[in-house]
Amino acid sequence: MAAPTKRVLVLNGPNLNLLGTREPDVYGSTTLGDIEKALKDLAKGLGASVECRQSNQEGELIDWLHDARDSFDGVVINPGGLTHTSVSLRDGIAATGLPTVEVHISNTQARESFRHESVTAAVCIGSVIGFGKNSYALGLRALIDYLNATG
Amino acid sequence: MAAPTKRVLVLNGPNLNLLGTREPDVYGSTTLGDIEKALKDLAKGLGASVECRQSNQEGELIDWLHDARDSFDGVVINPGGLTHTSVSLRDGIAATGLPTVEVHISNTQARESFRHESVTAAVCIGSVIGFGKNSYALGLRALIDYLNATG
Amino acid sequence: MAAPTKRVLVLNGPNLNLLGTREPDVYGSTTLGDIEKALKDLAKGLGASVECRQSNQEGELIDWLHDARDSFDGVVINPGGLTHTSVSLRDGIAATGLPTVEVHISNTQARESFRHESVTAAVCIGSVIGFGKNSYALGLRALIDYLNATG
Amino acid sequence: MAAPTKRVLVLNGPNLNLLGTREPDVYGSTTLGDIEKALKDLAKGLGASVECRQSNQEGELIDWLHDARDSFDGVVINPGGLTHTSVSLRDGIAATGLPTVEVHISNTQARESFRHESVTAAVCIGSVIGFGKNSYALGLRALIDYLNATG
Amino acid sequence: MAAPTKRVLVLNGPNLNLLGTREPDVYGSTTLGDIEKALKDLAKGLGASVECRQSNQEGELIDWLHDARDSFDGVVINPGGLTHTSVSLRDGIAATGLPTVEVHISNTQARESFRHESVTAAVCIGSVIGFGKNSYALGLRALIDYLNATG
Amino acid sequence: MAAPTKRVLVLNGPNLNLLGTREPDVYGSTTLGDIEKALKDLAKGLGASVECRQSNQEGELIDWLHDARDSFDGVVINPGGLTHTSVSLRDGIAATGLPTVEVHISNTQARESFRHESVTAAVCIGSVIGFGKNSYALGLRALIDYLNATG
Amino acid sequence: MAAPTKRVLVLNGPNLNLLGTREPDVYGSTTLGDIEKALKDLAKGLGASVECRQSNQEGELIDWLHDARDSFDGVVINPGGLTHTSVSLRDGIAATGLPTVEVHISNTQARESFRHESVTAAVCIGSVIGFGKNSYALGLRALIDYLNATG
Amino acid sequence: MAAPTKRVLVLNGPNLNLLGTREPDVYGSTTLGDIEKALKDLAKGLGASVECRQSNQEGELIDWLHDARDSFDGVVINPGGLTHTSVSLRDGIAATGLPTVEVHISNTQARESFRHESVTAAVCIGSVIGFGKNSYALGLRALIDYLNATG
Amino acid sequence: MAAPTKRVLVLNGPNLNLLGTREPDVYGSTTLGDIEKALKDLAKGLGASVECRQSNQEGELIDWLHDARDSFDGVVINPGGLTHTSVSLRDGIAATGLPTVEVHISNTQARESFRHESVTAAVCIGSVIGFGKNSYALGLRALIDYLNATG
Amino acid sequence: MAAPTKRVLVLNGPNLNLLGTREPDVYGSTTLGDIEKALKDLAKGLGASVECRQSNQEGELIDWLHDARDSFDGVVINPGGLTHTSVSLRDGIAATGLPTVEVHISNTQARESFRHESVTAAVCIGSVIGFGKNSYALGLRALIDYLNATG
Amino acid sequence: MAAPTKRVLVLNGPNLNLLGTREPDVYGSTTLGDIEKALKDLAKGLGASVECRQSNQEGELIDWLHDARDSFDGVVINPGGLTHTSVSLRDGIAATGLPTVEVHISNTQARESFRHESVTAAVCIGSVIGFGKNSYALGLRALIDYLNATG
Amino acid sequence: MAAPTKRVLVLNGPNLNLLGTREPDVYGSTTLGDIEKALKDLAKGLGASVECRQSNQEGELIDWLHDARDSFDGVVINPGGLTHTSVSLRDGIAATGLPTVEVHISNTQARESFRHESVTAAVCIGSVIGFGKNSYALGLRALIDYLNATG
C-alpha cells in the first residue's frame, strides 16, 4: 500500500543554530546543517519529506507551529532551553493538533543543574533523548512510523 | 459630566489567535475576531474605544505596552501561556503605569497541571477568570468603571 | 425572548460585615449594606433578583448553600478568610450544583502574606478579583450572563 | 459472657447530609438517613446502640464530642471536608478520651486534588476508607470489636 | 494619674472548656473556671476588669471580637486549635482594631507534630507561650501595661 | 440467592511473617498463623474461602498477584514496608484487575517517621487501618461485601 | 567493513509480562512475546542478535545485568515501575559498563501521578519514551547505531 | 513561707548592646542599660536578684550558660539573631538544666523575612514575644513564678 | 604594554529602555541613553570601545550574543526580567564563549517578591548588583580588567 | 573474663558482589572476597567469628536477617543502593532485635546526586562511612565492642 | 570640590586569612595581605583610606561593625562562610547604619552545593561577585562612588 | 617499615565539655576528660600521638584547624551543634588540607528533630556515628589507618 508522502516539519529552538560550534565534547561537531541534510536523505528513504527551521525566538517557533497545521503531517522538535520553561510553546504544540516528537541531543536526565522536567514533552506523543545527532533520525523515524500506523 | 472617551488597548498573548479553532470544548468556538468585534461594540456603548492586538512574541507585547503609555488610558490583557512564566511581561505592565485588567477564558484555578499562580496578576488592578469570551467583556467593563471612578 | 427572573443568592463570609468600617484605605468606606443595596438595583436592571446574607460561621454559609438549591439559580460568594482554608465550603459549593461566582474586593494575588491560592475557586465557574465593591457588580453580571447563556 | 450494650455516637461532618443527592456516581444514591437506619439495625445485632448526628458546624461537632464523654462508649466519625483541615476537631476527638474510628465513603487516597493526609486520623484508633456506605458498617463493627476486646 | 479602668475581653477557643479535665499531665488540673476567676482577681489589682468567654465555634469567637470594639479596650485570646489554621479569626482580630495578646498554655514551639506557626500571632501585639495557666496572667498583665503605656 | 463461593487471596509482604514475635507492644502477640487460621474460619462463615501467602520478596508478591487472576475473585493485602515505596507492587495490583483491599495492623497515619502516604492504596478499592489483627477480618469482610454487591 | 554481530540483552521489569493483557487502551494489545519476536527480526536486519528476559524481581534483573558483562555488547531495558524507585537497579546498570538504552511504552512525562523522573535514565546513554511497542524497536536501533559508531 | 532569693541570669545575644540606638521606631529608645536597671529593680520587688550580660559571641553565651549551672536558678535570654540559627546555643540551654525563658522585643511572628521559627524556644519553658522592653519584665516574672511554683 | 582596544558589547534586556522614566525612586532618573553615553566615555579612558543594544525580545538578545563571537571581546549584560527565567539566554551566553559580566541596577537580593536567584549568573564570570547606573560602569571595568588579565 | 565467641553476620546488598571490578577509582580494587577474608581474620583476633553473605535481592537479605536471630549476636550490613529506599529492609533490621552496624565504603554524605539520607541507619546502633574497605573492619570492631560492653 | 577623605573598613570573615594558600585553582595565589596592600594603594588614589581586619569569629566581626559607626564612612565585607548562615552578622550590618558593600572572590552563583542565597546581601547597598581579588577593588570603588554621590 | 609517629588533633565543639554531666541516659556518664585520656592511650598503642582541645567558639575551632596544618597529620572532630549549621567550619576543614574524620556519640540519623544532614561531613574523609565514646576511638583508628595507607 503506497502511503502518501508524509510531510514533516523539523523545528529547532534557541541556540541550536550553533550546533557543532559549541561545546563539541558535549554536543559533537556535527552542525545543524549536517543534521538537516541527513534528515532529508533519511526522510526520502522513508517516503517522507522534511522541512527544517530554526529560531531563537519563542514566538517565531509558535507562529511556525500554527502555520504547520495546513502544510504538515507531523512535527519533530528540539525546543532547546525552552524545554524547561515555555508554557506558551507547550500550548502552541497542543494547539496544532499535529503529532509531535520531542528530541534532545544530550541526556538531559543526567544533568543535575536544572529540573530536567520538560514542560513540552507532555503534549508530544513521545521523546527521544540522548543519542546525539541520531536523536533527530530516531525521532523522525518514530514520527513516520506513528503516522503510518495511525494514518 | 461628560467624561472623554476612554481609549483601551486589548492585548492577547501566545496562541490566542487560534481561539475558536482549538479545543472548542474548552474554549468555545468563538474566534478572536468575534471577541474583538464584540468588544468594540461594547466599548462604544460605554463611551470608550478599543484597539486589539495579538502576538505570539513576548517582546512584541512588551513593545506595545511601552508604546501604549501615550495613546491609551488602560489595558485589558490575556497573557496566555506567559501568565505563568513571564517576569518581563510583568515588568512591562508595571512600567506602563496604565491600569491593567488581566482576563482568562477558562478557570485557570481549576486546572491542576500548573501552578495556577499568575506572575502578571500582581501588577494588574484586578482579574476576571473563567467566563469564556465574556471574561473580555467583563474585564473591559471593569477597566472602564475604574477609569471613570479614578478619572 | 423574556427569560424568567433569575434569583441570585449573594453570600459574604467572615468579617465582611465590617466592610467600610475596617481598613478603609484597603477596602474603601462603602459598607456591606451599600453594596447589597447597589446589587439589588443592578439585579433589577438585569431582570434578576438578589438575596444577600452574611455570616461569620462556616457552617451557616454551608447550610445556606444547601438550602439555595431549591430557591436560587446561582450564587455570588465572597468567602473572606475561608477562601484559603475551607475544604468544607468548597464541598458545599460543589454540592449545590448551582453555578457560583467567587468575588474578592482586593487583589489577593498581589499580597505576599498568604498563599493566594483559593481552595474554593476551583468549584466556581469563575472569579472576579480586585475591583473593590465593583467586584460584586461584575460578579453578579457574570453570573446572570452565564445563566442567560446556559438557559 | 453478656457484655453491656455499647453506646456508639455516629457523627457526620459538613455536607454529608446531602449524601445520596450529590454526585451519586461518586457517592452512590444511598441517603444519610438510609445509612443511619442500617447502622441502627447492625448495632442491634452486635449488642450495641447508635445515635447519629450530622452538622455543618465544626464547633457543633466538637460540642457533641465533649458531651459524648458521659453518654457513649465510642465514636464513629466521618469528618467530611474537615478531615484535611481541622486541628480543632482533632483536639476535640483527643479530648474525649473515647475510642474513635474514622470512616470515609470514597477512596480519599486515590484523589490527587488534596493532600489526602487526614489530620484527624492520628488521634483515632483506626480508619476505614473507600467502601461506600459499607465503610460506616465496617467502622461500627471495628469499634464494637475494639470495645469488646478492651473491656 | 488615675487611669480609667481598662476593660479586657478574655477569649478561649475550641476545647479549652475542657481544661483541667484533659491530659492533666500536659495541661495541669486547673480548670478554665479557676483560670477565669484568678484573672478577675488579678485584673482588679491592676485597675482593670475582665470578661471571659469560651466557644468551640470559630464564628462565635469572631462575632464576639466584632462586638468587643465598643465595649472593651483590649483582648487576651487563646485560639486553641484555630491558632494554626484560621485566617478568618486572624482577620477578625485585625478588624477589631483592639490590641490583642495571644496566649498558649503549653510550649507550642516544642511540639514537632504541627507547624507551630501561628497564623493569628502576626496581628496580635505579642504572645506569651508555655507557662501553663500563668500564661493568661502574664498575657493580661502585658495587655494592661500596653494599654497604660499607649494611653 | 446462593452466591458462588468467593475465593480470596490474602497476601502479606515483608517482615509480616514475624508478627507476634516482633515488638508485641505495637503489633500484639498474635502470630501470622493465628491470623490466617482465623481468616479461614471467618471466610467459611461468609461463604468464601481464603488462601494465605507471605513473602519478603516484592517480585514474588507480584508473581502471585499475576497468577491470582485466574484463581481468585479478590485480594486482601498488607504490603508491609512496600506500602510506602513500591510502584511495581502498585502496578501489579492494578494489573490483576481484581478488587483489592489494603489492610494495616497499626495506625500508620499516627506515625510521624515516614510519609504515611501509601503508594498502593490508590489502586485498591479501599483500606482498613489500625485495628490490629482485626484489620484483616474487617478487610476480608469488606472485600466479600464488595464482591457480593458487584457480583 | 563487516562489523561483528552485536549481541543485545533486552530486559523487561515488573509487570511487563502482562503487556497486551492489561489496560490495552493504554498499552495496546501487543504481547511481550510479540514484541520480543519483532525485535529479533529487526536485530537480524541490523546485523545484531537479541536475547530477551523479563522478571518481576529487582534482584534478578540486577543479576542478569551483572552476567551480561561477558556475553553482551549492550542493553535495552524497560524497568517498569522500578524506573521511579530503584537506586539498586541504577547502580546495577552503571556497574555493567555496557551501553544501555531505557525505553518506555507510554509517555511517562504526560502522567501527573508520579514524579516522572527516572532514577535509572541518568546512567543510560539515552531514552526512548512514548511510542508504544515501537519504543523497543527504536531503542534497539539507537543502541546498535551507538555500538556501530563507537566501534 | 519565705522562699530563698532566686538568682536569675539575664543574657542578651548579638547586637542587643545597640538597643535604643538602632531603628528606634522598631525597638524604641530604651537602652539595654535602662532595661537591665529596670530588671534589677523588678527582681528586688519579687524577692530575686538578676545578673545581666551581653555578648556578640555565640560561644561566650554558651560558656556563660555552662557556668550558670552552679550560680543561678534560672535564665532569661534574648538570643537575638541566633534565635533562628544556633543549634549550639539550643544545646547549651538544654545542657544547663536550668529553666530558661526566651524573650523577644518585637513581634518576630509578624515579620515575613525569616522563618520566625525559633530553634532555641523548644528547649525553653516558654516565650514572651513582642512587648518591647516589657518582654524582659514579663519574662523575668514568668521565670520567678515558675521557680516559686516548682521550687 | 599597549593592549589592543577591547571591544565590549553592552546588552540590555526587556523594559530597560524605559530606565529613567519608570519608578524613578527605585531606578533613578538617568535614562538608558545617559548610561550608554557614560559607558562609551569610560571605555575610551580604559582603552576599550563599547557598542550598546537593547531589546525586549529574548530571541533578539540571543541573536546578538551569537553574532558577538566574531566582533567583540566580552559582554556586559543586564538581562532584566529574563534574569530569573530564561534558560535560553543562559545557553546563549554560554554558547558565545565570551567572558560576560551580569549587572543589576537595584539590589535584587533585597526584594522578597521573587526568588532572586539568577539563572544567567552561573555562566557569567561575575556579577555587579545594586549600585544604580554605576553597576554598568563597575561591570565594564570588571570586564576590561578581566580581559587585560587573561590577555 | 573470657567472653563467649561473638557470632557476626556480614551482609552486603545489591551490586556489592562487583566490588573491585567496578569504578575502582571510587571503590578501590579490593574485591568482596578480599574484604570477607580480612574480616574473618580480624574477627578471629577479636574473639569472634563472621559469616559473610551477599545478595542482589532485597527479600533474600530480609530472609537472612530473620534467620539470624537464632544464630548470630549481631550484624554488619552494607545495604548498597537499598540504603536510600528500602523501608522493608529497615523493618527487617528492626525486627531481628540484633544490634546492627551500617557501613559504607565511600563518603555518601559528599555525593550530591541522592538524598544521602539513609532510611536504614535509624534502626542501626551506628554507622561507619567513607573509609573504603576499612569501613567493614571498623564496623566489625564497633559491633564487637558493643557486644562486649552490653554483655 | 575637595571631598573629605572617606574612611573605609574592609572586613574579611572566616577562613579568608588563608587566601592564596588554599585551593589556589579556585581562589588564586594572591594572599589576603597582597589584597589589603593593593586596596590601600587604590584607596589613596580615590581620596580614601582603608583599614583591613580579618576574623574567624562571627562575634568579633560584629564588634568591629559596631565600633565602626564612629570611625568609618562605609564598609566592604567578604563574610566568607557566614554569608549563607549568619542572621546575627546581617543584623550587625544593618545596625551600623553604614553603607556596606558585599564582595565575593568566586562566583558563588555557579556553585550548586549550597543555596547561594546570601542572608547578608539584603542589608548591603550592593554586591560584587566573582572577579577574584579584583572583587575587592571593584567593591571599594563602588563604595567610594556611593559615598561621594550621597555626600 | 617504621612509620613516623602520626600526630592527631582531636577537636570537640560546643557543649561537648559537658559530656558525662548532661543527659547521661543519652550520652553516658563518661566525661570528655575520660575520653581524651583513653584516646591518648589508644594512640600510643597505634604509634601515634593526640592532642585534644574543646571550644564553644566556632571561630576558635577554625583558628585551631588553621594552625594544625603545620603541626598535625590529621584531625578527628566532633563538631557538636555546629555539624548542622556551620559552613564556616566546613570551609575551615577543607582549607586545612588535612584528612579529617567526623565522629558523633549518638546516632544522629535516628533523631527526627533536625535534618540530620551534616554540612561538615562532605569535606571529611568519613564519619563514625552512634557508638558512644567508642566513636572517638574508632574515628582515631580510622584516621591512623588512613594515614598509614596513604603514606
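A, B, C, D, E, F, G, H, I, J, K and L label the chains in the order they appear, each numbered from 1.
The rule we apply is simple: a residue touches a chain if its C-beta (ideal position, glycine included) is under 8 Å from a C-beta of that chain, and two chains touch if they have at least 3 such contacts.
Remember, it's a predicted structure, so these values are computed and weren't measured experimentally.
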* Work out which chains are contact partners of both subunit E and subunit K. => H
* Count of contact steps on the shortest path from subunit E to subunit I -> 3
* Asked: Along the shortest chain of touching chains, how many steps lie between subunit F and subunit J?
  -> 1
* Structure fact -> Equivalent interface to F-J (more than half of contact pairs same by residue no.) among B-C, A-B or E-H is A-B
* Asked: Between copies subunit B and subunit C, are the contact residues mostly the same numbers or mostly different, with half as the line?
  -> same
* To do: Please report how many Å separate the Cα centroid of subunit A from that of subunit G, as a whole number.
  => 23
* Averaged over CA atoms, how far is the centre of subunit C from the centre of subunit I? Could you give it in whole Å? => 49
* Where subunit E touches two or more other chains, by residue -> 57-60, 85, 112-113, 122
* Which chain pairs here would you call touching? -> A-B, A-G, A-I, B-C, B-I, C-D, C-E, D-E, D-F, E-H, F-G, F-J, G-J, H-K, H-L, I-K, J-L, K-L
* Structure fact -> subunit I partner, complex, touching residues on subunit A are 13-15, 17-18, 22-23, 55-60, 80-85, 114
* To do: Quick one: which bits of subunit G touch subunit J in the complex? Just the residue numbers, please.
  => 57-60, 62-63, 66, 85-92, 94-95, 97, 122
* Spell out the part of subunit J that touches subunit L in their complex, as residue ranges. => 107, 109-110, 116-118, 121-131, 134-135, 138, 141-142, 145-146, 149
